[in-house]
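I'd like to ask you about the structure that follows.
A, B, C and D label the chains in the order they appear, each numbered from 1.
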Amino acid sequence: MDVDALQRLLDESPVHRGLGLLAVATDGGVLLDAGPGPEHSVGGGAHLHGGVIATILDTAATFALIDATGSDWSTVDLRVDYLRPAPVAALRATGHAVHAGRQLGRARAELCEPETGRRLAEAVGTFVRND
Amino acid sequence: MDVDALQRLLDESPVHRGLGLLAVATDGGVLLDAGPGPEHSVGGGAHLHGGVIATILDTAATFALIDATGSDWSTVDLRVDYLRPAPVAALRATGHAVHAGRQLGRARAELCEPETGRRLAEAVGTFVRND
Amino acid sequence: MDVDALQRLLDESPVHRGLGLLAVATDGGVLLDAGPGPEHSVGGGAHLHGGVIATILDTAATFALIDATGSDWSTVDLRVDYLRPAPVAALRATGHAVHAGRQLGRARAELCEPETGRRLAEAVGTFVRND
Amino acid sequence: MDVDALQRLLDESPVHRGLGLLAVATDGGVLLDAGPGPEHSVGGGAHLHGGVIATILDTAATFALIDATGSDWSTVDLRVDYLRPAPVAALRATGHAVHAGRQLGRARAELCEPETGRRLAEAVGTFVRND
């Protein structure tokens, strides 16, 4: 899948548009930029809500499987590891397909600070093909 | 913690206000009503984005520990199980503390259809005390 | 499935026989007694290896789905929460089916001290039907 | 930690000796060989019990943190993804520390067929320092 096709699929969901998700690359995985705003923060406002982090990671992992297979996939379960507080700022997510079977797939995703590459959170999940 | 105190804590986060999270009860766990809108949907729009479901469950689980202990807690990791597609409609979430140690806690949460009680998703996570 | 049929299935695996797994009840879930020995301990020997705890919980969760559906199931993924060190002693595990779909199922399990009922560990997993 | 020191620590647990766990390398992670036998099989006997796979992965992940930090760590929670049935045969496990904080750590592990490098299962967990 090329970057434009990925962007069109992303843009179908208002959640993705609200997070400013931008498809950057689809070489052996997907690379997404995110531009969350104050509406995505928790408590005092300096950091992202954990659910927003889960949203970005779920999206990156799901689209990694879509990109790798051309099929549509739904999340069966997802584990998110929160490593450091994530700032309300430009962030970068990567997603990789781990295993794509006929029925079930696994994928990973990471959320990083774009300048430093510091990993803020990561996720792994099980997914099921919709078709 | 009484329901009003829980509501005030919830309202500190714009993510919670955006989801219309309403504290309903705090008896041996927390009960939250959610009123998501089309901005929380995925793809065609009939169902919630999995990340939004994770957000509601993370919130219910975290506040169950806050309610049970009077301490503040942060999510270390969270597993979400998606059982059925969740409609963009009024939903109910419950959260329960499983174990609250000096340092680490565990909590569960469930998302249900309010009329039928049908479980749509559930989560379990590890949390760390902030104080 | 009655207790004798569950016991016969359990006994097919040497891992279960080595742990002394004993089917106790199959009413709305499965109840298993475990009798681990020093060969299942970690380090100094007072506590069970975490992998042994995972083994008992995986077994209880899988057999809960088998009991609930009459089908055979395999573990797709499993999350184990270790709540307290588990002694090398007689223990009790319970397993419950959370959701059994055509393809995918979810189940939970808990490991407890039999006298006190104190929960030592718990698990939740995704499973796939083999038939 | 050198390979001999890692082997001595491994050998303290009868579970590790029973699995024939052999420390192979400790360069930026740990590499363990496993030699499970028929006593580790499930059902008919051709494949390993999922709990045995969890045991090997938990061990590789825990020792990756021990190796990376010189501290002792205990598993708080572990997620195991079963990708393919694992034969009762010589296998190789790798463990990597993902993040080692003052209190909490995360680590991953993979189980592979040694000849082909094919991944059979993987795990990620949260760990707590014992000292």
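The rule is simple: a residue touches a chain if its C-beta (ideal position, glycine included) is under 8 Å from a C-beta of that chain, and two chains touch if they have at least 3 such contacts.
These numbers come from a predicted model, not from an experiment.
Undergrad: So which chain is farthest from chain C, going by the mean of the CA atoms in each chain?
TA: Result for max centroid distance from chain C is chain A.
Undergrad: For chain A and chain D, what's the span in angstrom between their mean Cα positions?
TA: Distance between chain centres, rounded to whole Å: 28 Å.
Undergrad: Counting in whole Å, what is the centre-to-centre distance of chain A and chain C, each centre being its mean C-alpha position?
TA: Computed value for the inter-centroid distance: 34 Å.
Undergrad: Mind checking the centre-to-centre distance between chain C and chain D? Centres are C-alpha means, answer in whole Å.
TA: The answer is 21 Å.
Undergrad: Going through chain C residue by residue, note those that touch at least 2 other chains and give them in order.
TA: Each of 76-77, 79, 81, 126 in chain C touches at least two other chains.
Undergrad: Which label fits the chain touch graph of this model best, line, ring, star, complete or other?
TA: Its topology is that of a complete graph.
Undergrad: Can you name the residues of chain B that touch chain D in the complex?
TA: Residues 76-77, 79, 103-104, 126, 128 of chain B touch chain D in their complex.
Undergrad: Touching residues of chain C toward chain D in the complex: what are they?
TA: 12-15, 18, 38-45, 49-52, 54-56, 58-59, 62, 74-82
Undergrad: Considering only the defined contacts, which chain C positions touch chain B in the complex?
TA: Spelled out, the residues of chain C in touch with chain B are 79, 81, 83, 98-99, 106, 119, 122, 124, 126.
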